[in-house]
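Each chain carries a letter (A, B, C and D) given by its place in the written order, and its residues are counted from 1.
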C-alpha cells in the first residue's frame, strides 16, 4: 500500500487525508508546526504525528508527501522531499513570489516535472470533460476561451493583505485553467481591475473585480473575469469556442429540482456555495491521480512548471494593472516588464 | 387572389381575418348574426358584410369559407358551403354532440376529408417539429405519449355549463394531438376526474382536473393530464417516448432571459399566459395551410373525420368517468358503451 | 460506536458496508449463506464473518442489522432481529408475497414502525427536496403527481421469471414514492401494460411498459409511467403539481457541460446510466438515517408498513392489468379483488 | 394616420415597409436610386415612387422618413429631412467616418436627439427585458457586462473591404449595447484581434475574431467578444452581473423542443440562423417606437448622438488594435489618440 505523509493539518490537509483513506492508500505520518493539530489528524487515520518534516520524509513506509502547510515553507519542503527521492504533491502556490518560484524550479532541475502541483480544478469532472472535448477536436480549433470565476463573498478582511492580491490568490487558478485549455503559452496579457464590492479592499491596495485578456501566438484569445462576490453562489464557468462549435462547462445546481410559480418559472436549486463543495470531487480525483503517479513513476500531469507559469501570469497581471498597459509575456517566465 | 368569407366576428374570427390579410388572401365577406359586428370586422379589411350566410357563400369572389360562428351552427354552415362546391374550414367542435358529428360526417360523405377542422395546435412549430421527428423515426417506434395541458385559470363560471364539460371543451384538443401523434386509433380509454381547483365547478357537475390513459392495438400508451389552473402560466407539453429516444415539446418562456439571485438560480421569464399568445403563430400557419388546400385542391390535413374522432374520445372519457370503468373504443366512433 | 451486522454479501450489501464505514459506524459482523463471501466482505472492514444469523444478531457489539440477503429470507430474519430487541433495516421487498408481507407485519405488531424498509429513493437529494417543498406548501395543495421511471435496458432475460413482474420488481419503488408524496392512501388504481421493448418478456408473461393511474379520497391524481428501456439513460423524474405551482425533480446530467454544434444545440452530458450511479448518494443517506434511528431510538422514517403498502399497490396493479378494470383499494391492504 | 417615406428599397427597407403597414401607419412614398426598385416596393403598399428625396420629404402626407439607403448618403438625407422639419429614422451607421459623424451631429445641433438611430437590438424583447431589469435594480449595481456576439458565417469576401472592418461593421452594435446597459460612458478601451476564421480576411487587412474590454469611471467593466463564424448559429448573448445578482439574455432556440438520445441528452433545436430571424421582432418594435416618437413629438430613445458614440468606440478599437495599447476615451468623442 502506498504510504503517504501529510504536512499541515488545516482544512485542506484534512480533505487530503480523507481522500488518501478513501482511495485505500496508507496515511503514515502527519507533520504540523502545531504538534496537537498533527496528533489529532494523525490519530483519526491511525497515522503517527511526526516530530519534524524530516522524520516523516525519511519514514520507511512513506512513499510520497503531500504539502498542505503554509505557503512560505512550500519550496523548502518540496526540495527536501525531492532530495530524499520521494514523490511530492504541493498545494498552490508553489512559492510566495515569482522569484522564489523560479529559484525552486531551478533547484528542482529535471525533477520539476515530477512535483505534482495541486491545481485541483483540472480534476473537476466538468472542466476535465470540457478539456477532453477540446483536445479531441470536438469543437475544431479552439479560438476563444472565456473563463468566469466569481467567489460568493470576499475573504475575511484581515486575509486581504496576506493574500498577495486578487491575481495571485484567486485568478491564479484561472490562469492555470487557461494555460491548460489553450495548450499554448499566451504571449500578451492585459489586466483591468476595480474595487466595487467592498471599499475596504481598495483601501488595502487590492481590487475585487477584474478582467484579464490574453492572446497566443496562433491567435487564440482568452478572457478571465473575476469578482469577489456573487449573490447567487460560487460562479465557475468555462466557455471554449472553436471552429466547429462550442463547449461550456456551466455551473450545476445541487439537484435537478426546478420550481415553477407565478414569481419564477423553472427556477433551479442553488449552485454549490463555495469551493469546498463545488470542487469536492476534484480534490479526491487529484489525490487519486497523484497516487497513480507515485505507483507508476509517471510525471505529474500538472507540475511545478505549471505552478511557475501560473505565478508568472499573476505577476504579469499585477504589472499590467499597475502600468495600465498590456504586458508582453515570455515563455521562460522572465519578468521582462520590471 | 384566393377569396375568403368568414362566418362569425368574435375573437377567433378576428384572428383569422388578420391571418387572411397577412398571407395576402382576399377577405371578401363577413357574416355574423349581429350585423354591426360583421360590418366592423369587414370594414377593417375592405370586405363586405353579408346579409346572410348564403349571400357570402355564393359571392363569386369567395373561394372558401372559414366558420368561426357559434358551435350550434357549425354543421349546418359546413354542409351549406360544401354543397355550394366551395372549401370550408370549421372551428372546433365540428358539432355540439357526437350524434350530430356523426350525422354531419355521413352527410358530407366523401367530402368529409375536404373539410378543414381547426385543430390549430397541429400547426404549432414546436408540436409540429415533434410530430415530424416522431414520423421520421428519430425516436424509433413511439411507445409512450405524455400530454400535459393546463390552463392558467378556469373560464368564467357561467361558461362552465355551456362548455360541455372539461373533456369536450378542453381535452378535445389533446385527444386530437394524441391521435395525430399515435398515428393509430386508440382502442381503450380510462378517465379519472376530480374537482380540486374550484368547488363551484363541481357543483355545476363538471370536473377541473383529469387524467386519461389510452392504449392502442400495437401497444402504444398515451396519458393526458389536464387542469383548469396553473399559477405559472399556460402549461402545454408533449413527451413522445420511443424505442430509440425521446422528444419533448416543452413550454418556452417569452424570451431567453434568465435571472440569478440568492432567491432563485437561473429563473426563466414567464411562459405565454394563455392560448392566444401561446398558439398565435399556429393560427396563422393554420390559415396558410387552409389556403394552400384551397389553391391546390388537396384534402385537408386535419378534417371533419378528425373532428368526429376527437369528439368521440371526449364522449368516451365522459362515459368512463361516469361508469368508473375503462371504455372499449370503436374505430368507427360508435358509442358502444351507451 | 454503533455496531452493525450485515446479512448478505452481494452488490447492495457491499454498498451498505461502505456507507457504514464512511459514516463512522462499526461493521461488526457479516453473514452470508456463502461463507467465503461473508469472509471477504468482513475482512475488508475488520469485521467478523458470522457462522449463523443468530451468531451475528446476538453479538454484544451488534446494535442493529441490515438485511441485504435474498428476498425469501427477509421476513424470517427481520422477525429474528426484532425478537432479539435490536433494530433492523430490510432491503425491499419486505416479503416475497403480499400474504407474507401481511403475516410479517402482523407478527411485528407494534414493532412494525421500527423496521426500516430500504426504499432508498426517499433519501435522494432531489426527490427529498421536492418532497420537502410539497410538504412545506411551496406549491399549495398537491393535485397531480406524475412519476416517470424508465430503466436504461431490461434485466437479463433469466431474471424476468424470478422478478415477480414489472409492478413488483420495478414500479414498487414508484408506488412508495407516490404514497410518500401524496401523503394520503390512494383509493383507486388502474393499470395498463404492454410488451413493446422485447417480445421475449411478453412470452414469459410479463410486460415491459406500463402506465398506472391512482386517485385519492381528497381528489389527488397520480400517474406512474414505466419502461424497461430508455436509450438516453436511467430516466427518473417526478412532477408535483399543486394549487400554487409545480416542482419537478428532473434528471441531472453527470456534469454541467453542454455542447453546441451544427448538429445539436446545447446538448447535455448523459445522465447516470443506472441506479447504482443515479442513487449512490441516497444509499449512503439511507444508512445515515438508519443509524440515526438506532442511536436515537426513533421510529423508522420508512417502515415495514410502507413495505406492505407498496407491495399491496403492486398486487393491485397486477389485478387491474389482469382484469382490465380499475381496482378499489383498501386502507388495510386487504386484497378485496381476489 | 402617420405618413412615412422610405429611402432605399433593399432588404432592410422592405422589412421596415412591412412594419409600417403592420402597425397601421401609411407608407406614402419610396425613393431609391434605382427607380424600378422604388416602384416595386411602393406598389406593394399602395405608395408612390418618388422621383427624388426631396419630392418624398416635401410630400404633404409624409410626416417622417426612414433612411435605409446606402451609408454614404445617410448624413445628407438626415440633414435634409430635419431641415424640412420632419422626423427621421436613420439606419446605422450615422456616417461613413467618425469625422463625418461629428460633422453631422454638429450640423444637427439641438435636433441631434430627435434623429432616431436604428440600433434595433435595443428593441429586442430579451435584451430590453435585461435592460429594464438592470435599470430597475434587480441585480443591484451593474459591475460586469459580458457581451458575446458571433455571426454564423463571414460575409461575402468582397464585402470585407467595404465593411470598414469588424469593429465598425459588426462590433458597433455591441458598443451601442454596452453603452446603453452601462448607462455611463466608458473611459478606457483595449482591443485584441485575430484572424483565425478565414486567412483571406486577414489578407484584406481585417480581423475576424476580437475581444474588447472597457472600463467606466465608476468601476464597471465590459467585455465584448466577436467572431465572424459560429457553427451552431447566430450567437447573441448578454450577461449583466451586479451587486445583487445576474441577468443573462441568452440565445433562445426556435422552439421548446428537446431531443434525448444515446448520442445527445436534451439537445435543443437550433437557434435562429442570423439577424433577420433573430431580431425580426426588434425591427418591428423599432418602427413602433419611431412612429410613437413621430406622433408624440418625443425625443428618439436612441439618437444620432448614440450613433456618434458607437462610431467613436469602433474607431477607438481600431486605434487600440493598431497600437497594441489601451485607448483613453473622451466624453465628447474626440479622437485624442490620433
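Here are a few things to note about the model shown:
Everything below uses one rule, namely that contacts are C-beta pairs under 8 Å (C-beta built on N, C-alpha and C of every residue); 3 or more make two chains touch, one makes a residue touch a chain.
What you see is a predicted model, and the numbers here were worked out from it, not measured in a lab.
Shared contact partners of chain C and chain D, listed by label, are A, B.
Chain centre most remote from that of chain D: C (centre = mean of CA atoms). Chain centres here are Cα means. That of chain B falls 41 Å from that of chain D.
Distance between chain centres (mean CA atoms), chain A to chain B: 58 Å. The multi-chain contact residues of chain A, meaning those touching 2 or more other chains, are 231-232, 244-246, 253, 259-262, 269.
The touching residues of chain B, counted against chain D in their complex, run 125-126, 129-130, 133, 138-139, 244-262, 269.
The touching residues of chain C, when paired with chain B in their complex, are 140-141, 143-144, 146, 148, 150, 188, 190, 192, 194-197, 209-211, 213, 215, 218-221, 223, 225, 227, 229-232, 235, 241, 243-246, 324-326. Taken together, the chain C residues at the contact with chain D in this complex read 231-233, 253, 259-271.
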